[in-house]
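Look for chain A in each of the two complexes below; its partner is chain B in the first and chain C in the second.
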Partner chain A sequence: MTIAVSEPRLTFRQRLAVREIDGVSLLVVPALLVVIALFVYPFLYGVILSLQPMKGGGLFANYIAFFSDPYSYNTILLTLNLALPVTVFSLVLALPIAFRVRLMKRQRILTTILVIPITLGTVLVADGLLNYLGPQGWFNRVLLAMHLIAHPLRMTHNYWGVFVSLLITGFPFTFLMTLSYVSGVDPALERAGATLGAGAARRFWHIYMPLLVPGLAINFCLSFVQNFSVFPSAELLGAPAGETRVMAIAAYEAAFQHFDYSMGSAIAIIMAIVQLVIVGLVLAGRNFFYRGSTTGGKG
Partner chain B sequence: MTIASSRFDTLALEGIGRSFGSVNALHDVNLTIKRGEFVALLGPSGCGKSTTLNCIAGLLQITTGRIMLDGKRIDTLRPEERGFGMVFQNYALFPHMTVRQNIGFGLKMRNVAKDEAARRIEEAVRLVRLQGQEDKLPGQLSGGQQQRVSIARAVVIEPPLVLMDEPLSNLDAKLRLEMRAEIRRIHNTLGATTVYVTHDQDEALSLADRIVVLRDGTIRQIGRPSELYEAPDDVEVAEFMGFRNRLEGRCVSNGAGLVRLETDHGVLTGRARHSLTDGAAAVALCRTEDLCVAATGADGIRATVDAVEYRGREFVGSAHTPGGTQVTFRSEHETELGKDVTLVADPQRVLIFQARRGN
Partner chain C sequence: MIRDTTVGSKLWSIVVWVVTGFFILNVAAMMATVVLNSFATRWLQSWLPAAYTTRWYIASWKEFQLDQVLIVTFEIVFVVVLLSGLLGVPAAYALARRNFPGKKFAMLLFLLPLLVPPMTFGIPLATVLYQVGVGGAFWGVVLANLVPSVPFVAIVLVPFIEQIDPKIEAAAHVFGANIFQLFRHVMLPMLLPGVLAALLLVLVRTIAMFELSFLVSGPSSQTLVVALYYSVFASGVRAGQSIDAMAVLYTVTTLIWLLIALRFVNPTQIVGRAR
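Now for the complex of A and B:
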């Protein structure tokens, strides 16, 4: 026997909820389409393009060519040689400053000053530095006037020009992220450490560091990826044919000077793989640390 | 029990003060704490009680006065050199360390040998009854358990003084009562000296040997719980200690230490806390549970009942006098709303103070 029960009609969201889908999560769809169109599709297109060498010779001919020419494969080391020290240096610089700024009342002024280099863009900073750090620039003139040096220091068209430029444009970003991680650690933890007999150095290493490592690892990855894809400052301030011939320059030359898009794509894919390896290593290392809340109990 | 508090005789706060810019958070605080005492710093928020505690711990620098431990000046020492144990309001447990590591942190900082440290940690765990939880992270414990860890961490270093900053205010009512008893038990077991900050007078009354009432950064009264409960020194302390009813009038001397207060809406007799002259303006203060409804025609305060709450054994009502003063009273029977009643109190339970200008 069947009993006719008039079932109330479910709304669209209720029907989604029955399948354990929150209706609000559908809002992610437009963003997902944009990501697919602007990121996933070009990336896959680049992969396929890199596997269709212009000069023929099998699927991996471009990759084989890249790794058999020292002028090409050395760009990996040159790029790492720039990106890793700059990233580490700006993190090491950002930490103590963040610890001090955390205690300041007028953080906003400092933040504003620091954000300005980000808004200027790398080309303008590179151009400015070209003058400022050049043989006739203020930097050398001041040092000469103070009799600290006898001859102008060579700071442009070499490694150090690119290093300084990357540091200036990347530091605010690194610093602001570090500041937010440092401020996120409950200050009561440090006070508790002090009453238990830990001096400043031991409070830093035993309490702050273990809680900051996961955040600093993310911070490292984001800064590293930015620095690794350096192009304008390496071209303008560096020696693009020599010690700062980074991978982005090699890819650019292949694609737009030799008109070998396939080779250019292959170099871009190799760049992505190197970045993924470094980021993967850092994130894997992060798993050895505590990654939960950084407060000491109920707030 | 081998965990014990370190030996010392007295800790003296000598005229200490702390200002933040032009604001005086603490002014001329004098207090001597003896070994084994349980001292509660009591006051409303912003009265300077936490500031006092942080100054003792060394987490805040004092701007005037000095702090002496057995005649040795300690206010110039950094907190890590003072070695007082501290229990924080939000527990401040290190989230990345297990219960065992948290409790052992102070021992590690003191370079206590491994097996000695393990033994003392085990004992501290037993003291706060957390056996079996040693390898959990603080995030896996309940609020009450976290506070136990925090207490164990503070006492395991055998500090001369244990400082507690509102340790129970984040716990629910039932747990708060339970932990209150625990704290007193731990204090007694260790023979510790404890300075306890709270805004809850019940907590201070039940825990402390001595209560220090602070207000606006100065000490208003120091005394045993019964002294503060029965004989507060001034109107503000009395109000803070639960004398909720306040009636203004003029006094008429009555001998035998008792004073009659004539208000516009009746009379009240009570103990004088100040020497009062006849006709002087005065204030009578009385607790809710001491003010009750009298038979009509009796000598008392006339009021109209506004609301009545059932409290199980009795009723608590609120009423207003014809002049608009709000009073609360106790009653054995339910009282009709809007009824005019006469309220009386045992003269021993009513305190009469001189009315201050601006009061």
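Now for the complex of A and C:
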């Protein structure tokens, strides 16, 4: 004999509630709509717009035009030539400093000092560096007074001006991220290494480095992406028609000076693709390293 | 912590501190040049200006119509802060309290505008805003600035809301509080510190946001940092001191809010990106 068990019938609302969809979860909708309308949609729109060239031609006419004109496609190399060294340099600089600061008691003072250039932004830094690094600026004056150089170094309106400005605005960000990763590694692991007789260098290369690689890879990606899309300092401190004609300048000029929105979008898309490729390569390379817990313990 | 006592380690530590000091010294000297120059009557071919004056501030205020620029800046920033609070806080609450399907995707959508640099998504965004007709106008700048601000509020607040015990809300329900009483007497007081901190950070970030404001602003909707950019860009035209006076005013405007924000939040949060 079977007993018919009648399933309690749930109302539509109850069934939704079981999946945690109710009035509270709907609160996310307005913000999501904003992001979709102002971030996702413009991106898709940009992709489609870039495939409708203003000057006619095929679907990919903009892309073909970009890659057949050296003045255009060289911007990729110029931008990489700027972004990659700055990113690597700030990472290499940030790592040892983070290892020192980790031992400090009052980290907050240093982090506060470092946050200021990030907040003030690239425009102010560019304005300051135009004076400071200029031929009559303090930087050259000090070097001349110390007889390290015979003539003032040319540091503005060229590659180095942009390099320094990216370093000043980018380094604090890289550093703060590195610091958070370095402090995340359990000090017990290092103590264990020291107990077994490893010196500082061996502890760094054999204990810290393998654990830090995944974090540093993310850090590299975030800093690189920022440096790759440099605009104000390349325009103000660099040579925007020459050696620091970065992709952002090319895209801006196409869209808002020649009013060829289609070409501008195409360059912006190429810019995003280059960033994506580099980020993809770095993240793929990360898989060759250990990934997992950075805390010690049993097991 | 292990403190190495070998000579090599000590030397290494000295090298590291010298490099750190060198970096900070250069940044400080750079800022000092801007401030000194803004007070200088003439500063050519010498270590220090010939004499000091405050007239550049008056000149700069008139030349760049800074009263107008400041009013527009604060109007834009105020609206952006208000809207990102209204949209971002409920979103953060939903993300912290419910595990609805597609939550991971929603989180990803909120993270992307914070990770993708503004110049990359700004150009298509500005194109769309110009086509819609708000490009170059007040609302265009506001809308563009919402893109990083709304997700920022949501992402920053999720961990804050998660650590508030949901049992408190449940208790209020049990005692018969309706949704408005719950919000007014239970949620608001508990959320307020976190929300204030997040909104202060949005304020600082919006004042300093150059790329997005630059791409969509027109002559009547320039924020302070955009106006500063244009004046540095045309630096041959005007006296350097007057540009630097404007730069100092911009610095002061930003730093005041930054210092207020730093009373409530950890400096690392200003960087405000996902780990």
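Everything that follows uses one rule, which is that the second predicted complex is superposed on the first by the 266 of 299 C-alpha atoms of A that agree within 3 Å, B and C clash if a C-alpha of one lies under 4 Å from a C-alpha of the other, contacts with A are read in each partner's own complex, and residues count from 1 in each chain.
Basically, contacts are C-beta pairs under 8 Å (C-beta built on N, C-alpha and C of every residue); 3 or more make two chains touch, one makes a residue touch a chain.
All figures in this text were calculated on a predicted structure; none of them were measured in a lab.
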Fit or clash - chain C, chain B, common chain A: fit
Chain B versus chain C as contact partner of A:M177, first or second or both or neither: second
Between chain B and chain C, more extensive residue contact with chain A: C
First (chain B), second (chain C), both or neither touched by A:R191: both
First (chain B), second (chain C), both or neither touched by A:Q275: second
Included angle at chain A between vectors to chain C and chain B, based on C-alpha centres and rounded to the nearest 10 degrees: 90
Chain B versus chain C as contact partner of A:Y252, first or second or both or neither: second
Contacts of A:V115 with chain B and chain C, given as first, second, both or neither: second
Which of chain B and chain C A:R13 touches, first, second, both or neither: neither
Which superposed partner A:H206 touches (first chain B, second chain C, both, neither): first
Chain B versus chain C as contact partner of A:Y132, first or second or both or neither: second
Gap in Å between nearest CA atoms once chain C and chain B share a frame through chain A: 6
Doubly contacted chain A residues - partners chain C and chain B: 191, 194, 199
Chain B-facing residues of chain A, complex: 186, 188-189, 191-199, 202, 206-207, 210-211, 289-290, 292-299
In the complex, chain C residues that touch chain A: 1-4, 6, 8-9, 12-13, 16-17, 19-20, 23-24, 26-27, 29-31, 33-34, 37, 44-45, 47, 87-88, 90-91, 93-95, 97-101, 106, 109-110, 112-113, 115-121, 123-128, 130, 143-144, 146-147, 150-151, 154, 204-205, 208, 210-211, 214-215, 225, 228-229, 232-233, 235, 240, 243-244, 247, 250-251, 254-255, 258, 262, 266-268, 270-271, 273, 275
Residue ranges of chain A in contact with chain C within the complex: 19-22, 24-28, 30-32, 34-36, 38-43, 45-46, 49, 93, 96-97, 99-100, 102-103, 108, 110-132, 136-139, 141, 168, 171-173, 176-177, 179-180, 187, 190-191, 194, 199-200, 203, 218, 222, 225-226, 228-232, 235-236, 248, 251-252, 255-256, 261, 264-265, 267-268, 271-272, 275
Partner chain A, residues of chain B touching it in the complex: 57-59, 78-80, 82-86, 88, 90-96, 105-106, 109-110, 137-139, 143, 146, 150, 153-154, 157, 163, 170
